[in-house]
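Have a look at this one before I ask anything.
For reference, chains read A, B, C and D in written order, and residue numbers begin at 1 within each chain.
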Amino acid sequence: MSQDKALSKDEMAALVAKDIPQGSFVNLGIGQPTLVADFLPEGSGVVLHTENGMLNMGPAATEDEVDPDLTNAGKIPVTELPGASYFHHADSFAMMRGGHLDVCVLGAFQVSATGDLANWHTGAPDAIPAVGGAMDLAIGAKSVFVMMTLFAKDGTPKLVPGCTYPLTGVGCVDRVYTDVATFDITPDGVVVTDTFGISYDELADRLEVPLSQG
Amino acid sequence: MSQDKALSKDEMAALVAKDIPQGSFVNLGIGQPTLVADFLPEGSGVVLHTENGMLNMGPAATEDEVDPDLTNAGKIPVTELPGASYFHHADSFAMMRGGHLDVCVLGAFQVSATGDLANWHTGAPDAIPAVGGAMDLAIGAKSVFVMMTLFAKDGTPKLVPGCTYPLTGVGCVDRVYTDVATFDITPDGVVVTDTFGISYDELADRLEVPLSQG
Amino acid sequence: MTVRICATAAEAVADVADGATVLIGGFGMAGMPVQLIDALIEQGASDLTVVNNNAGNGDAGLAALLAKGRVRKMICSFPRQKDSWVFDGLYREGKVELELVPQGNLAERMRAAGAGIGAFFCPTGVGTPLAEGKETREIDGRTYVLEYPIRGDVALVGAYRADRMGNVVYRKTARNFGPVMATAAATTIVQVAEVVETGELDPEAVVTPSIYVDRIVAV
Amino acid sequence: MTVRICATAAEAVADVADGATVLIGGFGMAGMPVQLIDALIEQGASDLTVVNNNAGNGDAGLAALLAKGRVRKMICSFPRQKDSWVFDGLYREGKVELELVPQGNLAERMRAAGAGIGAFFCPTGVGTPLAEGKETREIDGRTYVLEYPIRGDVALVGAYRADRMGNVVYRKTARNFGPVMATAAATTIVQVAEVVETGELDPEAVVTPSIYVDRIVAV
């Protein structure tokens, strides 16, 4: 779906949704990845996991559906689909750590050329660190997809030779979806699988990471 | 309850039952320890655990109560009391290993003066070894009571300076109930707490274990 | 031992000692034992180590306990939230210590405490600042970090219903850390919306068996 | 991935490979997936490593699989029973290998496999022949043995009911090893008495969530 301008957040989410295989068990990280749910096609059979103890989570709760005992990992009230199940935190993270989720989708500050992920801490000295389930998710799912803009506001690339921010996980990212390009992180290096409003040459020029064309 | 003759199995079971504190969570090992259940007084509040995944197990099932899905650790059909709960094997043994049972009662081939237990294997070269939950029970419960005859059929004592049979657990036995005497295994040695049809002196004479009188 | 049905939350937390490690259930407000925390504030125990996924929201519950200066150390995965101003302030002033633990490790370390596991090799956090200084080992080609149990002196758990024996069930995602914390503390205190007669809970659906519960209070 | 509802037990076990490690649920006959075992015998896979608490009772089920010479190795806690004559004979003739594991370690090692734990320090068996040659460590004054995960290629589980998504519930003590084995195998096959419509099982009472189940067959 190459197009001649950068993708919107919704378009990125739609792209990720399209790449999630039918019937997958999926965890969508807090923030932008949550959007992906809105683009899963009817009958996809995708089952959403939320690490606070539920499988087959439904959409956000509308006003009269709100139940304080039923939230997602971002503490937003959600709903339950038929075939849901509840479990406690140790069981929920055993599910993640044990490699039972097919896909998890996470946001990122940086991804390295070898799939290292930095998404929990800017390393700023005055920042209060908070990690939540990010490290567990990063190393747990069979496939880890990252969604992010490719460049920070100051133009600095977020796909980098090595992360400068503190790591969330080592070599754990499989695929990166950005507003201007998508990438596969492979044992042979970073493969550009699509571009949006940017040429491959310009991309290769602006990133310090060796690329190949997919 | 000193008496002038050796205890029957029922009398031993009654003695153990009397020593189980009100409201305890208890696992009764396969075989003789199972008898203890019959002597728990009405209203004792004792809750029986069976390691195949149940709390608040009831008595053995009578004919029309038999349910092949409801057995004790000895695979004998049992019943369920109000307030029972079921859980899987990892949870059941987590309960044991984590020290949540107040008492477990086990049979034994030998107990050493320092509370080592041997109850799973005679060490005979042609024996097929089988351990079941014996090792988990031995090290898990807050108090481990052993029920056994004090002497083997050939007169050899089963309370010994050191076990000659393969161990089930090290230093795990707290109290030993036998047909002719009861013992506490303490950090200061073996204390005789009661005798039945044998004098303390005769006991001290027949055992190779240093004793003191409780 | 037999569960005690307490008349009030105050009675339930009366003996929490200064310096205790208190496991507090809840993920945000879902499953948060608000009345037990309020009673603990009233009771006055201080110098506490508190384990919770977060570090207080708004000004009530755990945030209020923090605001009173009763917490020496927080062990949690996600202290920073948009309404965690109480913790944020204390942390920046150096008035509260923080041990940051990945959320799954928090759960698994308490599970280990409850299950009698001495330590476990865990793949989470390998190569990150949260594994710095910890023992690592390669097993079957993968690197793991050695993690130790987190034990509580007391667990405060918010649940849905309990029977008079102490069996407990939860509601939806309010289950979260409660069942794990109940196994990991020397004394487990559960607040419920309702105490029902023994026999009314489905034995197949009990989540926290009575053996893990010391005190119950209906709130 | 989406669970497959199989028409027959034969279809469910069709691809079990020679040399596979097969986790078989059940404690004695309670929870024993008899029809799946019968189908596996019919299917013919051999050189199997079988994990079960016992080593077969009487002449049916696991005992029949053993009798056919399909099992290279048993991993179990309690092979010797009054009706374990099939295993007994093979073992005495040196025709089957035995790894004897304390019952709780059997469960916990499979739990570790399912939960992504690389190894764990366990107090069970310390100082006994079953810990000989294993790494030990003292932690907080207590000695522990290092135990490793047991993973299955296939799990055969006997349960009570499943919905069409693959959520599973059990009955009474027939639950036993099933839920743990379901997490520990690459492919989990569950036989149930009844498949119900999705939504008919209480989400609070699901014991094995659908994520762990690959194939279901009603028997």
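Just so it is clear, contacts are C-beta pairs under 8 Å (C-beta built on N, C-alpha and C of every residue); 3 or more make two chains touch, one makes a residue touch a chain.
Just so we're clear, the structure is a prediction, and the values are computed from it rather than from any experiment.
S.K.: Does A-D or B-D have more contacting C-beta pairs?
M.R.: By number of C-beta pairs in contact, B-D is the larger.
S.K.: Taking the mean of the CA coordinates per chain, how far is chain B from chain C in Å?
M.R.: 34
S.K.: Could you grab the centroid distance between chain A and chain C? Build each centroid from C-alpha atoms only and quote it in angstrom.
M.R.: Whole-Å distance between the two chain centres: 29.
S.K.: At least two partner chains per residue is the criterion; list those residues in chain A.
M.R.: Counting only residues that touch two or more other chains, chain A contributes 80, 86-87, 93-94, 96-97, 140.
S.K.: Which residues of chain D are in contact with two or more other chains?
M.R.: Each of 108, 111, 115-117, 122-123, 170-172, 203-204, 207 in chain D touches at least two other chains.
S.K.: What chain-chain pairs meet the touch criterion?
M.R.: A-C, A-D, B-C, B-D, C-D
S.K.: Contact residues on chain D for chain B in the complex?
M.R.: 27-31, 53, 77-81, 87-88, 91-92, 98, 100-108, 110-111, 122-130, 160, 170-180, 207
S.K.: In their complex, what parts of chain C are in touch with chain D?
M.R.: Those in contact with chain D are residues 108, 112, 115-123, 137, 139-140, 142, 144, 148, 169-172, 202-205, 207.
S.K.: Where on chain A is chain C touching in the complex?
M.R.: Contacts found on chain A: 50-54, 67-72, 75, 80, 86-90, 92-94, 96-97, 116, 121, 126-136, 139-140, 166-170.
S.K.: Inside the complex, what are the residues of chain D that reach chain A?
M.R.: Against chain A, the touching part of chain D is residues 1-2, 111, 113-117, 163-165, 167, 183, 198-199, 201, 203-204, 206, 209-212.
S.K.: Give the list of chain B residues in touch with chain C in this complex.
M.R.: Touch list, chain B to chain C: 21-25, 45, 47, 49, 55-56, 80, 82-87, 93-102, 140.
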